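Listed next: structures, encoded as structure tokens.
Presented sequentially are two complexes of subunit A, the first with subunit B as partner and the second with subunit C.
Up next is the complex of A and B:
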């Protein structure tokens, strides 16, 4: 087909670089997710006080804060395109694959950046000790991949909708709930030195990330074009 | 797959509409429109405000589907799959925007890369100069006037040397120099491809050899 002088990877990177550059200049999504994470963490920390929080509750709090912080910002890359009228330019110039994976990478970088900020603060403010660091980092990475894959597609859906307000959270919750449950369970193991991590949950997390990415990629053209 | 040059791509391109109809609620935008456009054709879509000219252009560009009938792109006699239409069409329209937080050069570089059009940095700079934006290539588009944004929309549209150029209200926000640029681009593009203009300006409509009149 014509217009094939750039490879697939170059086109994806072009979308990613464009989004990173625009984000660097406007702080559109970064402000939303980092401020949400900070205020929620501060509220939780002041409410519960530091220390003595059971591992299960630490895991629940960690993922709730991360989940809702992510929801406040991960839709922005698509919603902004729709609101500013650039979505039409993108549709008329870019292949669907390049748009999906460019936005997917942008959201992943945004979420990993948030985690680099949130994890140390969470551990310090709630006086939490991670007993199994490799497992904890693996779970955070798998959780991020799953969350980003699902939310990238949902963001494309709501960007085409007329009423966007709470639609993202409403659509994301049932889709992300099967991810959140094993995430909380495995994260709980990470905080407890005397428990044994279940490989079943890790398999579920990895499978969710793969399935969500593939399904998102396959469904994206229908959401984006029709 | 055999790669074609941009010139080959334009010469071999044609567009066909068969019984195309579209309505918004009770309002009929177009009913049973059939036409065929080849290289060198220029079509004016005319009608009063709200008659559906922009909607018609969006259907031609693949941004909207007709309720009934078919729109087909042909390249070298082969039907082009809908997901590849974007490679053949450019649109300049009031509700299409460029990235305000990027510079003019960054916008064109982005469109060049994601389309894989293989233009060099110098080619893009020449395009910016040709559109009368020389010296503003590294300014953020958000700082541009509406006329300058309109000129940059033309530059973005021309990055891919489109076989099909769709122009919705093509001279809106243009001064006299801008109108001269529009005429130059129109003549250049219709000699090598197909141009469709949606307008309610009689002078602009006169540039076209064929007209489709949208209902009020």
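Up next is the complex of A and C:
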């Protein structure tokens, strides 16, 4: 039933489940994103060697690794549809809103899954101590929401454009830049026990996620339909 | 046509007024005069980006190639004006803070704005199909337009910046310019905006002629119709 709320949720979940099942069978995005994150983290900790680094640099490295890992994997969901030729049947069988939010949720799950693996490894390899766990988890979650909101639409643009690879980072990174400074600041507070936490930053991060999601949702049909 | 002569008059009068009317500022001296070029350039950059976003909306509504062309031309002028604002700001920063670039929040965020619009042109170059390029770049300029306010307004206020805020209105909410200086400033705002409009008109016409020649397949004749120098 188009229009009623329950069927909306059902359609979104249907797209999500389809993507998760396809991902389970091919492990296309998971391989790309996890291996990229692992190699980047290894390269960073190799180059730094032993010895602690100050909280500010720790926060910078943390988000740079996460940003570029996300950029390596989050485009896959749409690019795969274009490459395997399944985009047409998806257009026929699912509403635009369901596709957008299904992919949005898929990307969020992918990114949160990556973080479950990357965050402990980062903390262990770089000898980082988190002084404020609730704030840290909150800022990681808000950062992920912001990244996913902005990149889902850009991924659709890339897949439609028929150009892959570097262009995704070129298009997505400037859009993600407003996230980077507040994220690094708050994460820095989490590593250093003595500084004050910024609730202003958290508001900005939440506002960014809302704005990017709404804009993505409104503009998605123009990308998806010719 | 008449307003193009007005630009010439306004610009000339404004430049003379900028160097004669306001007294040198007490702390930084004559460097304060950069204000009359920096702020209008920044305003022109902002207005052009807004115009580009509006043409993006128009394109998505009516799918006319003219709207796509105008969005691109507006973004081009906006990028140029923002580069001018960034460079004049950097010169001012060298005089007042001692370094051209010191990652002040204003400088960081203006770099972000420049990157968004550079990415817009990267996207335009990467897509060969005319209609897909128009559609996707309209979407991207709107995403950029929705995110740019975070860079223009939110982040610079979140972190303490050295960027002057009280050049026009003092901390007490009082207008600080004397009437002749305020008129000079208004003239420079109007002159820059009109110059932007004229540039827009010219660039739009040049792009339209190029498109028409491309469609006619007469593109090879283009070099012969433009007089070579000398």
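The rule is simple: the second predicted complex is superposed on the first by the 218 of 226 C-alpha atoms of A that agree within 3 Å, B and C clash if a C-alpha of one lies under 4 Å from a C-alpha of the other, contacts with A are read in each partner's own complex, and residues count from 1 in each chain.
One rule holds in what follows: a residue touches a chain if its C-beta (ideal position, glycine included) is under 8 Å from a C-beta of that chain, and two chains touch if they have at least 3 such contacts.
All of these numbers come straight from a predicted model, not from anything done at the bench.
Student: Here subunit A is shared; do subunit B and subunit C fit on it together or clash?
Tutor: Partners fit side by side after overlay.
Student: Return, as a multiple of 10 degrees, the angle whose vertex is the Cα centre of subunit A and whose sides reach the Cα centres of subunit B and subunit C.
Tutor: After fitting both complexes on chain A, the angle is 90 degrees.
Student: By the touch definition at the top of the document, which applies to A:167: first (subunit B), second (subunit C), both, or neither?
Tutor: A:167: touches subunit C, not subunit B.
Student: Please work out whether A:200 is in contact with subunit B alone, subunit C alone, both, or neither, and reply first, second, both or neither.
Tutor: Second partner only, subunit C.
Student: Applying the document's definition of touch, where does A:42 land relative to subunit B and subunit C: first, second, both, or neither?
Tutor: In the superposed model, A:42 contacts neither subunit B nor subunit C.
Student: Considering only the touch criterion stated at the top, classify A:88 as touching first (subunit B), second (subunit C), both, or neither.
Tutor: first
Student: Can A:96 be said to touch subunit B (first), subunit C (second), both, or neither?
Tutor: First partner only, subunit B.
Student: Of the partners subunit B and subunit C, which touch A:9 in the superposed model: first, second, both, neither?
Tutor: neither
Student: Smallest separation in Å between any Cα of subunit B and any Cα of subunit C in the superposed model?
Tutor: The answer is 7 Å, the least C-alpha separation in the overlay.
Student: Where on subunit A do the contacts with subunit B and the contacts with subunit C coincide?
Tutor: In subunit A, residues 226 are touched by subunit B and also by subunit C.
Student: For the complex, give me every residue of subunit B touching subunit A.
Tutor: Result: residues 1, 3-4, 6, 9, 61-63, 65, 75, 82-84, 86-91, 93, 95-102, 106, 110-111, 113-118, 140, 156, 160 of subunit B touch subunit A.
Student: State the interface residues of subunit A toward subunit C in the complex, per the touch definition above.
Tutor: Those in contact with subunit C are residues 150, 153-154, 157, 160-163, 167, 170-171, 173-175, 177-178, 181-182, 200-201, 204, 207-208, 211-212, 215-216, 219, 222-223, 226.
Student: In the complex formed with subunit A, which residues of subunit C make contact?
Tutor: My answer: residues 60, 105, 108-109, 112, 115-116, 118-119, 122-123, 126-127, 131-132, 135-136, 138-140, 142-144, 146-147, 150-151, 154-155, 158-159.
Student: Mind pulling up the subunit A residues that touch subunit B in the complex?
Tutor: 1-6, 10-11, 14-15, 17-18, 21-22, 25-26, 84-86, 88-89, 91-96, 98, 221, 225-226
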